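The structure appears right after this line, and notes come after that.
Chains: A, B, C and D, in written order; residue numbering restarts at 1 for each.
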Amino acid sequence: MGRAQVAVIGSGADGAEQAEAVGRLLAERGVTVVTGGRDEVMAAAARGAKSAGGTTIGILPDETRDGVNEWIDHVVVTGVGHARNLAVVASGDAVIAVGGAWGTLSEIALARVLGRPVVVLEPGWAIEGEGVERASSPEESVELALRLARTAVDEKSQ
Amino acid sequence: MGRAQVAVIGSGADGAEQAEAVGRLLAERGVTVVTGGRDEVMAAAARGAKSAGGTTIGILPDETRDGVNEWIDHVVVTGVGHARNLAVVASGDAVIAVGGAWGTLSEIALARVLGRPVVVLEPGWAIEGEGVERASSPEESVELALRLARTAVDEKSQ
Amino acid sequence: MGRAQVAVIGSGADGAEQAEAVGRLLAERGVTVVTGGRDEVMAAAARGAKSAGGTTIGILPDETRDGVNEWIDHVVVTGVGHARNLAVVASGDAVIAVGGAWGTLSEIALARVLGRPVVVLEPGWAIEGEGVERASSPEESVELALRLARTAVDEKSQ
Amino acid sequence: MGRAQVAVIGSGADGAEQAEAVGRLLAERGVTVVTGGRDEVMAAAARGAKSAGGTTIGILPDETRDGVNEWIDHVVVTGVGHARNLAVVASGDAVIAVGGAWGTLSEIALARVLGRPVVVLEPGWAIEGEGVERASSPEESVELALRLARTAVDEKSQ
């Protein structure tokens, strides 16, 4: 069934440092990092993962590889525009949100529609609801995401 | 280019009365009501529109018409699951949100990604940001949505 | 459940005359014409439908109404690029193909994946398979499509 | 920008032996094998790639990993149903078709809409058109696909 995968979502230059740490920590735990494949938070998360020898998947909105960042190992070109947001979060066992604008909020919401646990790294979208947790550091976000991912899988197996 | 269209989004039984009023008021203004085509808020908005002789479009997630409510005139079967949320809001010149859970939040966010103005009818998702306004009655929500839709179109024409 | 809907697909200037006749004949039978909403065959089918007082739905690939032809009554903006081809054929009780290139072939195939009957108007894609019939005139294509649509619905009801 | 990727499409048990050889040959050339992630041809191609130490990506139609075959390294869950066919072919620098029914035909056509070269392994869909070549052996299909992929990339760079 493949390895554990966590989606790291977000945008904006401000979250880059946090996202890089998240990517690195996930890679150190042997978890594949899934992102939207582009710049800023997405690039930083992938760069962090590669710095620790990890594996990265980038899921792009357009019909070509144009705009993919250089730290993506495996490129998925969806051709469905912003509907690729659904694929990004659906491909994660859990989702970590770093910063972000409307696109990120759509991903948080779509993740919850599909039952994927979401961890929002502070600061970030002030969204409350079942299945959405907050973390104050990259370390905490990764711990929480992996714990919630295991719980989600265990519940499904029962 | 077709008539003015407003998307009415939401879920939950609580918003049905509001949604029916919104649908009726839009129809009285000659505006086509676009929804996700299913039950609760979606059905109420369409029922309201038909009670005033209006026109309704339902944009469904599955691969058949199954589950469409009886007040839908024109059925669009997308086959793309929750990615149909993107089509619902993209097809509105503006969006009115009534109640709703995660799916509705994803639609509010996707509407803003695409630049569509959003009016949240009180109570509802407590989301703030550029292009999202709040209304305290169905009448106010419809007035605001139509005004914002015109402004959005005017800005685009310049 | 709304009215009967038939999707008219195709591209290229050569099929315009045929497509216009198909659109007109469908409208005369009270059937709503669904198309991809753009130019050539899509515009001709919608123009034919409107010339007979019919109703038209255009399902667009982009994130705005840009490029929609003037004979579309109800505009669905999907934002999912060529994945809108799936929505076009899924929204028809049957599909009539007039001329066309690769996009049209993808629609014929997707229609069959979903179990929608397809009528190819001569000349056109030389595709054979269960559920694909050929017609030598617009009149024959409309008769066949409506018959196959009824049969498909009857089989489903059993 | 990641490694070379080729999409192997098809369905049906008959093509399994061919698909396994195609997957193996691609892996031996260092090319990542992209498939729809499910059974028959898709599973055989992935199995072949893994037998040669290669890398595999599976792009699934549903909202969970259910049904993914055991030879998939990286799982993309799209949630968009048959619209995932677009992502499968868009993610390949070239496409090799082995056997297949309507879904495979839709993928061949969508590949050509996007300008991806297609190689049909004999027997298979009898489709002719610019950018579609035929091969009589797995070896020939892989040689052709890699040559066409390079040409497509070179043309784009000019």
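In the analysis below, a residue touches a chain if its C-beta (ideal position, glycine included) is under 8 Å from a C-beta of that chain, and two chains touch if they have at least 3 such contacts.
No experiment lies behind these values; they were computed from the predicted model shown.
At the chain B-chain C interface, residue numbers used by both copies make up over half of all numbers present, so the two copies contact each other through mostly the same positions. In the Cα superposition of chain A onto chain B, the rotation angle, rounded to steps of 5, is 180 degrees.
Note on interfaces A-C and A-D: more C-beta pairs are in contact across A-D. Here the spacing of chain A and chain D, counted between their Cα centres, is 26 Å.
Centre-to-centre, using mean CA coordinates, chain A is 39 Å away from chain C. Across the assembly, chain D contributes residues 63, 79-83, 86, 114 that each touch 2 or more other chains.
Note for the complex: chain C touches chain B at residues 1-3, 5, 32, 55, 57-59, 63-65, 68, 70, 72-80, 83, 86-87, 90-91, 114. Against chain B, in their complex, chain D makes its touches with residues 63, 79-83.
Against chain D, the residues of chain C that register as touching in their complex are 80-83, 85-86, 102-103, 105-106, 108-110, 112-114, 127, 129.
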